[in-house]
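Listed after this line are the structures, all set down as structure tokens.
Shared between the two complexes below is chain A, which has chain B as its partner in the first and chain C in the second.
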Partner chain A sequence: MPALVLIGALILYPVAYAIWLSFFDKHSFFPASRWVGFGNYDRLLGDPEFWDSLWKGVVYAASTTALQLVLGVVSALLLHHPFRGRTAARALVLFPYMIPTIVAVIVWRWLLNETFGLVDYTLVAWGLVRQPIVWLGVDHIMTSLIAMSVWQFTPFVTLGVLARLQTIPLELYEAARVDGASAWARFRYITLPQLRAVMFVVILLRGIWMFTKFDTVWLWGEGAGAGAEIRTLPIYTYMRTFTYYQAGFGAALSVIMFLMLMAATLVYFGFFWREEEAAA
Partner chain B sequence: MRRLYARLARALLYVGILGLAAQALLPLLWMLSTSLKPPREVLATPPTLIPAAPTLENFARLLNQTAFVSYFLNSMTVAGLTVLLTMAVGSAGAYSLTRFAFPGRESIARLILCTYMFAPIMIVVPIYILARRAGIVDTHTALVLSYSSFCLPFSLWLLRAFFQSIPLELEEAALVDGAGRLRALIYIVAPLALPGLIATSIFTFTLAWNDYIFTRILIISDELKTLPVGVQDLFSAAVVDWGLVMAAGMLITIPALAFFMAVQRHLIAGWGTGGLKG
Partner chain C sequence: MMSTRLLAAAAAVLLLLASTASAADKKVIRLWQTETEPQTLAVLNQIAAEYEKTHPDVSIKIEGLAWGDLEKKLTAALAAGAPPDAAHGQPITCVSFAAKGLLRPVEDLADSLGKDNIVDAFRGLCRWQGRTYGVGHSPASSLFVYRKDLLAKKGLKVPKTWDELIQTAEALKETKDGQVVRYGLTMTGQPLFINIGVGELLKTNGGRLFDDQGRPTLTEKPVIELLEFYKKLNRVLPPGWTGHGYLDTFANLANEKAAMLYQAYGRGVGYIEKYAPKEIADPDHFAVADKVVGPSGKAPAAQLDCEPWMIFKDAKGGGEAVDFLKFFFKDENYVPYLHSVPIHLLSIKKSTTKNPKYADNAMISKWRPWVDMQEKYFKNDWIKPVLVTDWDDMKKPYLLEVMGSGILVDMVFDAVKGMPSAEAAAKAQKRVEELLVQTGYLKK
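Right after this comes the complex of A and B.
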């Protein structure tokens, strides 16, 4: 019991404090603070940079989640087939997810380096592009960030779907085969329905985590002349707090982020339940 | 015709799997290759896939001329202490969640799931201010406490699942035989919960080992920095020394991958109970 109380204190206190803080105009370093009520929220709604970063964050989260889901399911299906060296291949595929973010970022920044990078060199050598693509420049930085994030986080989806695939009874497929169902029909009417629940969880978690992703985005942008192009909501929150020292405003941004996630989750759950009922 | 079709499908499967393995592995092999090249070869055009003159020079420079060793030790200390604290508090909490009945037990479990919605970015602001108030900014204590508070919910969730799978009857039998609760805990529950404890420790360790944001915010002195932040500073230099950076990347990756290999079997089991976060 004391442990539980301690846990509660460790987790809930910072959250409660964030909410409290968001009602103050507070400098990040100096102790002085002034009660402003909903002032921060009011300011936030009229702040074009907030809306811009929200949009960037939604674009980033939606595109990376969608791509991870498609690629993750495809790779899980591939890895579910029996072949020699399957165990090794399964472990190998998880590598990108297990390496620290800083490593994933430096490796890809090196691969995508416009002067010495392997990717641009190959593209030019094979005649696919005439000029090296400046992947980390303003035009392509969002694209390269999305690609790199999908590379890094897809294994999570693969792992989840693969774990579920292994529990689908083989008899289902045999029965379908006897009934003359094609490979596509077996996938459509057996595999997909069985994967519904796990996909529901995976979409929810990946969506939340991509929307709140900080380190990958921050490290990707720094030092490359990247400013507003990949300033997602978490980046904007960080900058308000630690670059402009507006802790109160930063806290308000965190609270808004949390409320939006809550709302999205509830809508998502409602949607899912309605579909369940319709299916039943 | 039918056999041809089956063969084609088989070939496609292998191509797909090769592609899958290649995309996961090639970037890491390229890191290895670069880290073994002398500076001039690193920037060579056309790039050499396998170093023509492999050398450990980059690693030597990394260890001798940068603070890498100090970052490494800091990361080890902080991650190790986080695991100790999280496991101590987490297993006590999980034990009481599964063994004692009290009002709200189930809603606590549900509340834990809610914390999946928190990302570090949402609690760094209050944590930073609280750390300043407590006067522990720029100490490893601040890091250990914030990692623990961040890891605890999902460690608790995971441990709870493991504790639930240990039959109560075993403990009751020990109690009937005259063992105290503590002895029952040490001799009956702990050994059975060991795989769960190990898996949870690894998740906690990886989280602390990989973290960037808390160190960036809470640590100011160079000699207290952990690996991700230290390496990022190395890499933010005006002219990036790619050989050196890749060597650093190799040395950070090795412990993470070693842990991963060690718990690979538990990983799939853990996934079902919500053991992966990030």
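Right after this comes the complex of A and C.
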């Protein structure tokens, strides 16, 4: 019973209130509201900014999740093998995930500044580029945001995959070696299938978290005119609610975001179960 | 022995409880303000401590907020039903909040400064339907700063028009081994300052953002010319200017990475004093001039940086906040506050400007031309708050929503990215119209 009350208060009520609010034309800080039915949703579908921010959100979430997955698995495999200083390396790899987002953003913005930043200085000094790359300008701000996010969140994947790697029975590899399996074959037919469950959770969580990521994106674009180039759906929802003062429209945006994530999760679960059944 | 220790421990606990209870009994007055430099916060906390000495039942909590964040944080606090008792705001924020019935009139605070003592240009900073809802803490004007020595070295004159600014910026650009070592001009791409720039530059081009009926006028010739100007600026500014913050541009100027700064402010001298080579850290090298004028304009224009103190209507400590602000504006407190950022925090009170204690400041003496330039703007009424091109615009309570929407920023960047100026303006016009219709300020 207490658990039900807790779930109701912390999850069901806010979701239900957001859905209810989305049917009203409501100012962000005035109590008065006007029933508009599906008016906010109708407006939203015809709003080019919504589609633009949705696309940017998909690009950001898909690319960061894919890169985190690849780099996370590679780094976990490297850290799984014994080598001198492995313990220190494992601790170091977790570092980006442990530091506060605001610190990470400030440090990276400083490193990537094209006037006095270390990254451009090094690239120019080594002759890799002729002119500094404007990482925070309109052309590259999405790329730099993706790179920074991958740097910050890959340790989560590394940690999950590394934990699972340590529980794979060594006998499986020994048997494969006896059968003459190559390193690639052992990875393809032993390691990867053993990682399926953890990869499923990691992709699901990271996909959802990157699609709804607010703090990193906001801080990366805030204070930069190029911020519009990384105006993802959560940012646009925040803007509608707190800078346009349209709480009803903002609620409709958050409901749509919630429904999209629900749908994507169900499709993903369905796909996973079908694969599991086929494998069984 | 044991009982003595127990007794002492009990007494200590009782004392602790008593002191906690006395702190809890105090009425906490929360003030949010935009002056975040450490020395200013120290002065403000000192003033608060002095006030608390004579008002033991009150605790003054002053929080510094970044200028660009203020509106968003105030809005979030209002939405949560927990605004501070008093806060700074842009003049358009103050008008917007007053129109929405969120503020308490502050004639009592304004009157306490002296009926005719407020500098003329700032009396109408936040008025709504004949009442005063805000009193500015300290006025400043945006400034155009240039390296006098570098212009002289190249035989260049101080630019007076938009075209001359572009030409001068091109001429001042310096390269070494194929690398740019100094740009001619630096500007910030921060959204707040793009909004400021749009209003300010439009004014210098004889333009406006809204007509008398409150309809946006973004497709008018001065706006199209403004967007063309931004395209030209984009070619002479550092390639990363869209990502440069307000303080980055001060750093560019002080570190000799740029020769001119269009949107400078008095606080920039702090950066120059700290980071520029000592032998050039003076107004003979970092000089100020009138803002450049657009092809359709006649007079310079600048942005008024003067956040009014606002008191929230539902604040439990509104009366105490006003009382504290009256104390704050007394010269013995106000002068140290102004001296904490001397060229940026000018006086809103005529009497303070004349006070010898105020003038007795080494920085003010040294950087006098910067102060004079700002006062020239005040006297000529060349300054307006963000997005205001005419004082009558202050009667439009929706400028805050227009600023917050970022539509004008998007318009500028659409043009800068290559969209034809007329198309970028038409797109923004449609979006502003939609916003005003949706918010009920404009009929379809």
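In this section, the second predicted complex is superposed on the first by the 271 of 280 C-alpha atoms of A that agree within 3 Å, B and C clash if a C-alpha of one lies under 4 Å from a C-alpha of the other, contacts with A are read in each partner's own complex, and residues count from 1 in each chain.
In this section, a contact is a pair of C-beta atoms (placed from the backbone, for glycine too) under 8 Å apart; a residue touches a chain by one contact, two chains touch by 3 or more.
If you're wondering where the values come from, they're calculated on a predicted model, not measured in any experiment.
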First (chain B), second (chain C), both or neither touched by A:Phe187: neither
Touching partner for A:Gly137 - first (chain B), second (chain C), both, neither: second
Touched partner set for A:Ser28, first chain B, second chain C, both or neither: both
Of chain B and chain C, the chain that contacts the larger number of chain A residues: B
Chain B versus chain C as contact partner of A:Gly250, first or second or both or neither: first
Chain B versus chain C as contact partner of A:Met262, first or second or both or neither: first
Chain B versus chain C as contact partner of A:Ala163, first or second or both or neither: first
First (chain B), second (chain C), both or neither touched by A:Phe242: both
Partner chain in contact with A:Phe272 - chain B first, chain C second, else both or neither: neither
Partner chain in contact with A:Val15 - chain B first, chain C second, else both or neither: first
Doubly contacted chain A residues - partners chain C and chain B: 28-29, 113, 116, 222-223, 241-242, 247
Chain A residues within the chain C interface of the complex: 28-30, 113-116, 124, 130-132, 134-138, 141, 222-228, 239, 241-247
Residue numbers on chain B that touch chain A, as the complex places them: 13-14, 16-17, 20-21, 23-25, 27-28, 30-31, 34, 42-43, 45-47, 89-90, 92-93, 96-97, 100, 102, 108, 115-130, 132, 145, 148-149, 152-153, 156, 206, 209-213, 217, 227-228, 231-232, 235-236, 242, 245-246, 248-249, 252-253, 256-257, 260-261, 264, 267-268, 271-272, 276-278
Contact set on chain A toward chain B in their complex: 1-4, 6-7, 10-11, 13-15, 17-18, 21, 26, 28-29, 74-75, 78-79, 81, 83, 89, 91-103, 106-108, 110-111, 113, 116, 118, 121, 125, 151, 153, 155-156, 159-160, 162-163, 205, 208-209, 212-215, 218-219, 222-223, 234, 237-238, 241-242, 247, 250-251, 254, 257-258, 261-262, 265
Chain A-touching residues of chain C, taken from the complex the two chains share: 68, 71-72, 75-76, 78-79, 81, 100, 102, 178-180, 188-191, 194, 238-245, 248, 251-252, 255, 257, 401, 404-406, 409-410, 412-413, 416-417, 435, 438-439
